[in-house]
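A short write-up of the structure that comes next.
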Amino acid sequence: MSDDTRDDAWLRTEMGVSTESAITVVGRDVASELMGRVSLSELAFRFVAGRFPTDAEATLFDAVLVSLADHGITPSVLAARLTYVGAPEALQGAVAAGLLGGGSVFLGVAEDAARFLQQTIAEVDDPDDEAALRAMASDRLAQLRSEGRRTPGLGHPVHKHTDPRVPRAYELATELDLLGPHLRLLEIVAVVHEEQTGLRLPINGAGVAGAALADLGFDWSIIRGFTLLARTAGILGHLAEEMQQSMGMPLWHEIEARSTRASQRSDS
Amino acid sequence: MSDDTRDDAWLRTEMGVSTESAITVVGRDVASELMGRVSLSELAFRFVAGRFPTDAEATLFDAVLVSLADHGITPSVLAARLTYVGAPEALQGAVAAGLLGGGSVFLGVAEDAARFLQQTIAEVDDPDDEAALRAMASDRLAQLRSEGRRTPGLGHPVHKHTDPRVPRAYELATELDLLGPHLRLLEIVAVVHEEQTGLRLPINGAGVAGAALADLGFDWSIIRGFTLLARTAGILGHLAEEMQQSMGMPLWHEIEARSTRASQRSDS
Amino acid sequence: MSDDTRDDAWLRTEMGVSTESAITVVGRDVASELMGRVSLSELAFRFVAGRFPTDAEATLFDAVLVSLADHGITPSVLAARLTYVGAPEALQGAVAAGLLGGGSVFLGVAEDAARFLQQTIAEVDDPDDEAALRAMASDRLAQLRSEGRRTPGLGHPVHKHTDPRVPRAYELATELDLLGPHLRLLEIVAVVHEEQTGLRLPINGAGVAGAALADLGFDWSIIRGFTLLARTAGILGHLAEEMQQSMGMPLWHEIEARSTRASQRSDS
Amino acid sequence: MSDDTRDDAWLRTEMGVSTESAITVVGRDVASELMGRVSLSELAFRFVAGRFPTDAEATLFDAVLVSLADHGITPSVLAARLTYVGAPEALQGAVAAGLLGGGSVFLGVAEDAARFLQQTIAEVDDPDDEAALRAMASDRLAQLRSEGRRTPGLGHPVHKHTDPRVPRAYELATELDLLGPHLRLLEIVAVVHEEQTGLRLPINGAGVAGAALADLGFDWSIIRGFTLLARTAGILGHLAEEMQQSMGMPLWHEIEARSTRASQRSDS
């Protein structure tokens, strides 16, 4: 282990490093430069972006995280609560179980929208050229439809007319002077979709979150991570509630009893 | 399912509820009352505490979360990076793997300190009576030692003299007028420990985090959850770094090769 | 990495080692000595015990694993199915979520029974001395009751008279000549419990599993692991069923709708 | 909950159902019909296939599971061991962390091979028509190469000439009279690949496992599940070893120290 010539370049990290007297995180002294000076959200932004957000960016970033934090009784929340029922001594397991449902069906939407928008923008010469964006969006939507695929970021099973998070996100981005090409393109996509199909689908909350995070500079490949961070806060709230009054235990008892009856009925 | 008389009281949640036109979280309209108005940390505080923090509380809460967010190359971070190597398409799995090491050995420290402090305070009539706190602390520390157990919140393998997060947390709590009985008792505990053993052990960062969260009103049983939330941000930063330059893959290759050599040596 | 003098003894493993032409697992050539010659259960036994089971031991071991593999619609199974709903592309996440509920409440029972039996036996000079076992069991049960704790391995919420797995396990162990001190002690414990309390509690399936695994030579500390292995098979069956006809999706829709109604009622 | 007319058909399960006096699993009485009569592997086969295997099928199935159970110090095993370091009281978390790396990079190989073979066979009229299989394989391999994709089931970073599990699997399948169209097609694929590219790539162990499981009647979509089951046994063995002598703790200490040095070097 005293091999001083060994090149451990692959072990370098920009994240935390500790010595006996100091703890450095992202190159800053955690005690004097971070604690009391930045929020957890600002630090998370810094971890991924490699720079701290401006105040306006921090506000929009927090607004996006807040919009993603909790959607009530989702499959993930039920999984977390049911896991807590069996292993209350291992809270980390219940949180982890809640995150593991964060895959393609739900959490993938923000990622898919950001990817679609980033790839579309990458194909135009000037992302501020609205006509070029519209033409490229038109081509790509036509192709999606020819493949039988849905347009990322549009449509919602519950909020059929307007997802209330969407106008609020645009309002905030405008106020904060952070309305960038991805948010603009997402509006164009909604218009083009209606033109091509005759069907008006509202932009959904995950789509606007993905677009806003893309405008904040994040690559689509890490966007699911921010959704997971926001959801961790929501899962924590559900587990705190579960500790006070269990939903998981009576849920299990009811469903097991009904399943037993239904299964016995099918046997006869 | 149309059983209107069924009492589903156990299914009530204070967390999120959606209708076609609105999304309510903790009783607030998420678009107009939360997005752009509260940070993710403030919302997480609200989820668990049932009330929003004051500005001072939010600052101390964020400072604690920031102090817990990343400790560099921990076992948890290595587990997350190694998991990403095998399943890069399922980021939620890598984050979950990183959280699952958050058990008794590392993340339990803040929880243990908070529990010890809360139970000690619960046994005195007046938590502002410093003499009573000191007497009770003395009794409980003597008992811990008689059982061969360590004092929660004291000592650190690396920061042998001072954990730099500790004086900063006390400074902030004082400035923000939030220095409460748990933080005060933790200082008393350190003094009493030195009196009883002749050995000076510094308060550690997890201990001061647990004490500060207890002073913010949180029960010890949920404190691990906040550590998990903070760590999620840190894990995300490591995974973003892993996407750019893998540490997990060369780590695996080196360790497997060395393990193979060591194992073959032991066979001969 | 060319540090030949480095002592990597801590990297030695008895598990698998690969070279270009051979794969060795537990010191055996996997192709010629394991594939087609041992079952997965026998290999799992070998992994933990350090020796292969006899045929009789393999039969009892499999019987225990089979008894633990599936208990129908448990909280763990629901968590696995609900996780699959959100992330069908990451089957490993659904299996992991199903395992994470395997904590103290359900899976701890076999472990607790084995620990209680092993610790009781460790305190008698001769584990074949039934009178000594009975006296020690009597002391330890009295102590458990004085602490308000339940007797590990006794009682079941559904199988109030007889858990059908129990007589079958004793029958098999007897036939296979593997009825050892832990299984015998568990019967004594049930008798002593009735003598002390006047209440007859049946031995439960988890208790007999723990006792049988202890008689097979396993320490209580690894017994939860075998339950997890058996449960993995059960979870896999449920997920295969979920792929054919979803239980998780309609479960979520029903529960979310009922929770929304219940939560709105409580607000008014 | 007493709504007798409610159609809970979606809650029916073929898996376990309990009443006060009996436990039924896959329609069999677990005590009298399963314990002592079937192995865990046979039960797992039944869970997924809907039928019990013949003796020959059980032997091949176990051989495949045994070939997949442990590959030594993999990223997954390291993740499991490192997770155990932090949360030894929650063994389920360490097992889960070990499974979560079972994604596209490693465990996807068996699945990908099975899918490729099943889809190729689905496109020929008669799976026993070797000439038709060869023609179809030739078309599909050419297409894969035109897309820059690798051939599923061929090539191995360590076993460059022969993966020793492969000839053994073919030998066993032949002996047991279970050499079916998927295993035969996989050999054809290896031949066609060499014809098209001039490069001889050996069939790998994951590929032959996927082909054998496909010949046993399993759809590619569940095959990752069997790999996870087999790996659970291997992870359990590593964790039992970790309990005796920790690899995770010294690994962490060494890597953290080297990372700290490397990171400080890069700062200067």
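Order of writing sets the chain letters: A, B, C and D. Residues in each chain are counted from 1.
The criterion applied here is as follows: contacts are C-beta pairs under 8 Å (C-beta built on N, C-alpha and C of every residue); 3 or more make two chains touch, one makes a residue touch a chain.
Small disclaimer: the values here were computed from a predicted structure and weren't measured.
J.: Across the interfaces A-B and B-C, which one involves more C-beta pairs in contact?
T.: Between A-B and B-C, the larger count of C-beta pairs in contact belongs to A-B.
J.: Would the interface of subunit C with subunit D count as same or different, where same needs over half of all numbers used to appear in both copies?
T.: Counting shared over all numbers used gives more than one half: same.
J.: Rounding to the nearest 5 degrees, give the angle of the rotation that lays the CA atoms of subunit A over those of subunit C.
T.: 180
J.: Taking each chain's centre as the mean of its CA atoms, which one is most distant from subunit A?
T.: C
J.: Just give me the whole-number Å value for how far the CA centre of subunit A lies from that of subunit C.
T.: Taking the mean C-alpha position of each chain, the two centres sit 37 Å apart.
J.: Rounded to a whole Å, what is the gap between the Cα centroids of subunit A and subunit B?
T.: For subunit A versus subunit B, the centre distance works out to 22 Å.
J.: Could you grab the centroid distance between subunit B and subunit C? Build each centroid from C-alpha atoms only and quote it in angstrom.
T.: 31
J.: Residues of subunit C touching 2+ other chains?
T.: Subunit C, residues with two or more chain partners: 1, 6, 11, 13-14, 17-19, 72-73, 87, 89-90, 92-93, 96-97, 100-103, 107, 247, 251, 255, 259-260.
J.: Within the complex, which stretch of subunit C touches subunit B?
T.: Listed in rising order, the residues are 1, 6, 8-9, 11-14, 17-19, 27, 87, 89-90, 92-93, 96, 100, 254-255, 257-267.
J.: If you look only at subunit A, which of its residues touch subunit B in the complex?
T.: 10-11, 13-23, 25-26, 29-32, 34-36, 38-41, 43-44, 46-48, 59-60, 62-63, 65-67, 69-73, 77, 90-93, 95-97, 99-103, 107, 158-162, 164-165, 167-169, 172, 205, 221-222, 224-226, 228-230, 232-234, 236-241, 243, 245-247, 250-251
J.: Considering only the defined contacts, which subunit C positions touch subunit A in the complex?
T.: Per the touch definition, subunit C meets subunit A at residues 1, 3, 6, 72-76, 78-79, 82-90, 93-94, 96-97, 100-107, 247-249, 251-252, 255-256, 259-260.
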